[in-house]
Amino acid sequence: MKKLILFLITLIPVLALAQESSVIQELDSKTEQYTKIAMQIWENPELGYLESESSALHQQTLSEAGFEVKAGVAGIPTAFVAEFGSGKPVIGIMAEFDALPGVSQKASPFREAVVEGGAGHACGHHLFGTASVAAGVAVKNWLDANGGQGTIRVYGTPAEEGGGGKVYMARAGLMDDVDVMLHWHPGSRNNAGANSSLANISTKFRFYGVASHAAAAPERGKSALDGVEAMNFMVNLMREHVPQETRMHYVITRGGEAPNVVPAFAESYHYVRHPDVKVVKEIFQKMVAAAEGAAKGTQTTMEYEIINGVYNLLPNETLARVMHKNLEIIGGVQYSEEDKKFAEELIKSYPDLSINPAEDAMKIDPFMVRETGTGGSTDVGDVSWLVPTAGLGVATWVPGTSAHTWQAVAAGGTPIGAKGMMVAAKTLALTALDVIKNPEIATKANEELNRRRGAGFNYEALVGDREAPLDYRK
Amino acid sequence: MKKLILFLITLIPVLALAQESSVIQELDSKTEQYTKIAMQIWENPELGYLESESSALHQQTLSEAGFEVKAGVAGIPTAFVAEFGSGKPVIGIMAEFDALPGVSQKASPFREAVVEGGAGHACGHHLFGTASVAAGVAVKNWLDANGGQGTIRVYGTPAEEGGGGKVYMARAGLMDDVDVMLHWHPGSRNNAGANSSLANISTKFRFYGVASHAAAAPERGKSALDGVEAMNFMVNLMREHVPQETRMHYVITRGGEAPNVVPAFAESYHYVRHPDVKVVKEIFQKMVAAAEGAAKGTQTTMEYEIINGVYNLLPNETLARVMHKNLEIIGGVQYSEEDKKFAEELIKSYPDLSINPAEDAMKIDPFMVRETGTGGSTDVGDVSWLVPTAGLGVATWVPGTSAHTWQAVAAGGTPIGAKGMMVAAKTLALTALDVIKNPEIATKANEELNRRRGAGFNYEALVGDREAPLDYRK
Amino acid sequence: MKKLILFLITLIPVLALAQESSVIQELDSKTEQYTKIAMQIWENPELGYLESESSALHQQTLSEAGFEVKAGVAGIPTAFVAEFGSGKPVIGIMAEFDALPGVSQKASPFREAVVEGGAGHACGHHLFGTASVAAGVAVKNWLDANGGQGTIRVYGTPAEEGGGGKVYMARAGLMDDVDVMLHWHPGSRNNAGANSSLANISTKFRFYGVASHAAAAPERGKSALDGVEAMNFMVNLMREHVPQETRMHYVITRGGEAPNVVPAFAESYHYVRHPDVKVVKEIFQKMVAAAEGAAKGTQTTMEYEIINGVYNLLPNETLARVMHKNLEIIGGVQYSEEDKKFAEELIKSYPDLSINPAEDAMKIDPFMVRETGTGGSTDVGDVSWLVPTAGLGVATWVPGTSAHTWQAVAAGGTPIGAKGMMVAAKTLALTALDVIKNPEIATKANEELNRRRGAGFNYEALVGDREAPLDYRK
Amino acid sequence: MKKLILFLITLIPVLALAQESSVIQELDSKTEQYTKIAMQIWENPELGYLESESSALHQQTLSEAGFEVKAGVAGIPTAFVAEFGSGKPVIGIMAEFDALPGVSQKASPFREAVVEGGAGHACGHHLFGTASVAAGVAVKNWLDANGGQGTIRVYGTPAEEGGGGKVYMARAGLMDDVDVMLHWHPGSRNNAGANSSLANISTKFRFYGVASHAAAAPERGKSALDGVEAMNFMVNLMREHVPQETRMHYVITRGGEAPNVVPAFAESYHYVRHPDVKVVKEIFQKMVAAAEGAAKGTQTTMEYEIINGVYNLLPNETLARVMHKNLEIIGGVQYSEEDKKFAEELIKSYPDLSINPAEDAMKIDPFMVRETGTGGSTDVGDVSWLVPTAGLGVATWVPGTSAHTWQAVAAGGTPIGAKGMMVAAKTLALTALDVIKNPEIATKANEELNRRRGAGFNYEALVGDREAPLDYRK
């Protein structure tokens, strides 16, 4: 592979010049248009599987640009696939657009909700979807203009935040003929390394007992909360006996109605994660055994529902190196004087950090391959086991900002977010053009995929055969 | 005391004849009026401390009847004291009027909500308040007509269902000069024994931790839910080491926000009950120690709020015997053909019980003294330690019905409820007249009170000096 | 029955005079002989099922007195049945003789072990067995002298302290033809009421896991101690949901070998008790379910062994009244000056109690029937469901002394113990004679037994079909 | 440093030749003598702090060779320091000699105890001490013969297995003037890398409650076992919130006396380990808080005793490279035909492993530096923070054998063990001579030590100021 890499590194800058001239030009010219779309979604944050207006807006943009759009795919009303062109390579770009509950925030450097307790784009998906659409359209226009061979698809992937939209789309076979999949994510740094993530299964365990007056006849009741607490007890004991990279964490989502009634229903919500999807499956079986044992031992009954299940992200160094090269061509996010003022004000909410936002937003992380995932999980994971996948992060937020915070919502509503979005759109588009022009990239990336996932790999969604949980945010 | 009792039993039936003629007549004539009031409250069920219209309606009735009404007493907007007459004896009658959440139901023998999830009078307090007002007015009219000596008061006591309205009114000294206190309760039997109940302290324990990403940095988090679970663990261990009549029960009211965040806040809601208020206090101290130990051991912080605290009901045999005698004079609840039809239909929802509703509703339980409380708790408990107190239960519900059920709401909206209400009003009124006419009753009842509560008794509300939790139902 | 009782009360004192003269005389004359036997056993305390010398000594005494002795019955080397006479009634007297571990003590009013950590007769069974033997011999001699009809049996019942000797003897049918069973117990009061006790099942739960280096490879281990702790957790939750008279208590008998090895074996020892044997069986099933659930939830395996299981003591008022009458005839324990000195010194170890030992040791508790057991359990329980059974307690210890204490061992080695023993021997003998002379007693007692145990009663030992745990004290 | 290393690698082989000739010759000639000493200790395995005969034997050997021996140092009867020579460099060699309980085994390839349940040298310390003594004597003889400058010391360090002898010797200042410390350990491979280990604090937590009859008066008892279980509960919750490299493991050493008594005493034994001693200290404080919280919440009292506490092993690459070079000069363990037969038989007890014992015993692991400890802990850790320390492992056991097994005891009693011992003695001696001849080694090694432990390092023993637990094996 090293030889290929060297070849690519030598070759690409030259090719890129031509691409840049047209594609970058086009995207620059449409900055205002895409910013308007992103802001429209930011102002109307829609939760997972409920993103009807956000999804429709992207579909309209793609449709008007000449894409053929199939909506409501994989049994999900807000999922879509938009396609242009024909033949190989087939390049996919994924677009997310769901918001998060409880983080409503104005585009202000101070904590100010638009609607107290309302939803907000705290993970920047209003930018995510828009940049992916923009990149798709730019690639389509390039194909049009240059008579290039290939197919460009934009996947509208709903409910990334716990709903696992991509899992159901992958399971439905919608990505089976894709040669290369691209994506990105808003963040507070610029990075296009070959990263991994944690595989994850998240499950609601529901215990059923028998209600009874807790003072008059406790001996006639069977407490569902006893079931929940006994399961948790055994899960906590289990922590000693799982590989140390495992993460298990839970909340109690229903803990009984009123103290004077023995709880007839109680529910907990458990995650299990590990860098290796096989280990996650094994530990999940033990977690289920803990739940079953708890039910048996507390005279209750139990049923569980897998809410979400995602694979770890399989890094693809071949593709990631191309993406990284393009990110370096495009560069980071450049602040105006106004952006700087906003950022200086906002970072006062991080008194412990020493940050120079305008400088840091320009930096690009050196290229790295991280084989072992840490931190979070994403439904991009499943896709990455089916198709060579590469992504980038762009500093759409003021450096120092964490995901899911009001600061992320705030910056996402300012020109900082919009600029970051255009960096992403350009990098994605350039990477797609590289793949179109150099068939060897897709070949090598697929060879790497096969090597990484091992012989005899057979994709089985961790969610089993359940339907997408369309009401998980209702 | 035996001599007195014999004396009373011999004496009273004769006296009662005269009283009956006027008081019963009056109450019979106003059945329609009081039924209308009760139904108005039934149709507009108001939760604890939010009973502004229900309270206002009773105040209006009493005011128009000539009572002097003081509203907003004890710092509670919906609490009131209505008074008529002067001098000794001072007789109080308590009136409750709060509804319960989540049990909205039509006056139908089938499960049919008026408003799904809405409130309903599942404990019959719409009848409770109205009968007490009716009795008060009847006694007032008797005093007027007969030039009798004495003071009659109706106490409007809000939020019996977990809000402890009477506790704050007792603590404010509003009952200090009362000689005898009367009350009643809707139910499915007719009973005027000298009963007790469990003392109770109910408390919310709130734990505070440090949020952190549960997969990326669990070691930087401190889980408030750990605090809740550790406290519960120790409370469950404690069960072995408390007197067997103790009842401890809890629910988890907040168990974390989302599984992927170490919970920064969690809350449980604990009750501790025992027939003896002193034991409740002791065990409560241990429960607090368990909470403190849990906080220490899980690196969290804890604070608790006593939501409610009530004494056990101190039986008063002297007064209870008078009440029982009057209940026997008045008799149980007589069903019409239509009532029977309704009841026959409704009891199909109790397939395991063999009931003859029309017969059972007429029966009156034999007199008994129960020194040791079992089952539930009531804020009448506090009053009973300050004033000799007696109450009765009347079959305002179809026999077989439990409190807090839709069946209780349903029957309370039919003539069955209204008839039971009038039985209560008459019995209360006759008992008040007995006390007015026989000063020895109050004297003996107070002697019994002093004997039962022991030397050196000093009332201290279990809620301490907290204000009434006016927002506990908001 | 009342009539019978009156009849007996009237009749018996007259009859008793004759009996007293011979039987009491004989026992008085042998005080020294029996005291010597008791002291021989006291000086050589033997634990449950290991009482070979104690048992042999009693067998020898009975054999020499003319009894036919069958040893090694019910598969227990130290169990025996000694019989004299023929025909009805068959009267049994039970004799216990096992000691307790860890309470070695001299006959001194101060804490002084004979052998540090050694065994001692802290439950007075050296007196128990000897008095029963003495009573048996006295009855035999009376039958001989008076040509009376009937069979007298002494049952040598080993291992009362947790070994349940009588259960295996009862299960083996050794008591099936007995008409009336008598027993007694050393204590600190004189009492012959109709008492009950708690039914009990005691069980060892053994969990098996997989050992592994706890620091190097904890994820390869499965902790048996996790199983024990998870079971205990669920048992503690269960406390809320059992009838309040239930008692559940446990210790952890094996909690892992060394902290640096994941425990491959762990064991807990649980008791469950309740006044009603049926309830004990039900709760035991839930306890087993808790153990099974714990094993399932902790990836371990579990097996359990019922160590002991005894019925509640079924009171027999008919028989108890006869016993009580005889105890009153005999009277309590009379102290010499030396006894008083010993007692005065010993009670200094009970600084909180106000006792007059010499007076209290003479008192006899008034007769009472206690239907519901509290406190302890005894293997006499099983016998009492098969044969009308009555027992008495005698103040062989200084009043204020609890069973299983060094003070009990100490007093049992002085003349106080010996005097109490003779009170028991005489009361048992007189009661046996009453039964021989008044056939109606056995008839009525058996009628009461049948009534109390209900129709269709079928004895099933709680220990199932296990053999006696002959090595439980090794 | 690299320059030095290159210099050494070039230089040493030449120097070594001369050393080899004399030192190796001498040690070869004394193989029989040292084997006899080792076997004498193997046949009389003595537990930690009780190694009076083993220690005396080593002292005698050293004394007879001309060392000055100070016994009973650091308040430990079996600890000693033996010294020869004067001036710089001061070179220490550590000698362990304690055995382990419960692993008695013959020198047989099958499981055969000498004394069932007896002690055995399952960690090979009989070889450890003897080789260190042999190396010390060889160095002394070389100094004598060559008039060399320097001091050689042999440290007799008792109770490595959980008793932490070296900690008390380090704390007493006995190693303060040492320039370089050498040690080794029996094992199943040959390795002289620069390794680390886990820091560790091991503690007994003792809870005290109030005993009471568990059936008659459980409410008067306070269960010490409740304290233990509550602490464990919180420790298990804590697992989620410690760095993932942490290891916490425990056993319950006392879980109550008898089920029918509320436990007045209970004890658990907890380890906490981490590669970083600072982290261990922090988590230990939280563990103590869990114990304190458990005591508070269960109405018990608690005290704890730190049984052992050791630092992580600080690698010293400078010194380790010298040791590794010498191990390569000496080579691994060479099997005779008889050794092969023994080994072939013994490895049948490892059916899952594929091993060629005779080949593997000859191999030497490539040199590596492991900065982060895993697996176990050792009291060499403390020494390594005070003095540059290097050690080696030698295949004294049949490859595939784990420490603390009967297979380790067995091989240690055969010529295989003795051969391994001589490999260690030679390697240690050569390394000491290198240090004597090349002062730069000690200088560089001390520079590395200073760099690794950081500025301002101040040694504080984790055991605090407690005395050595001389009775921990009694």
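Chains: A, B, C and D, in written order; residue numbering restarts at 1 for each.
Convention: a contact is a pair of C-beta atoms (placed from the backbone, for glycine too) under 8 Å apart; a residue touches a chain by one contact, two chains touch by 3 or more.
Values in this document were obtained by computation on a predicted structure and should not be read as measured data.
Counted by C-beta pairs in contact, the busier of A-C and B-C is A-C. Taken over every residue number at the interface, the positions common to chain A and chain B amount to over half, indicating a same-residue contact. If you average the CA atoms of chain B and of chain C, the two centres end up 50 Å from each other. Distance between chain centres (mean CA atoms), chain A to chain B: 54 Å.
Computed from the mean C-alpha positions, the centre of chain A lies at a distance of 71 Å from the centre of chain C.
Those residues of chain B in touch with two or more other chains are numbered 218, 229, 233, 237, 240, 244, 249, 262.
Remark: chain B residues 198, 200, 202, 213-216, 218, 225, 229, 232-233, 247, 249-260, 262-263, 266, 268-271, 273, 374-377 touch chain A in the complex.
Put simply, chain C touches chain B in their complex at residues 233, 236-237, 239-240, 244-245, 248-249.
Chain C makes touch with chain A in their complex at residues 218-219, 221-223, 226, 229-231, 233-234, 237-238, 240-244, 262, 286, 289-299.
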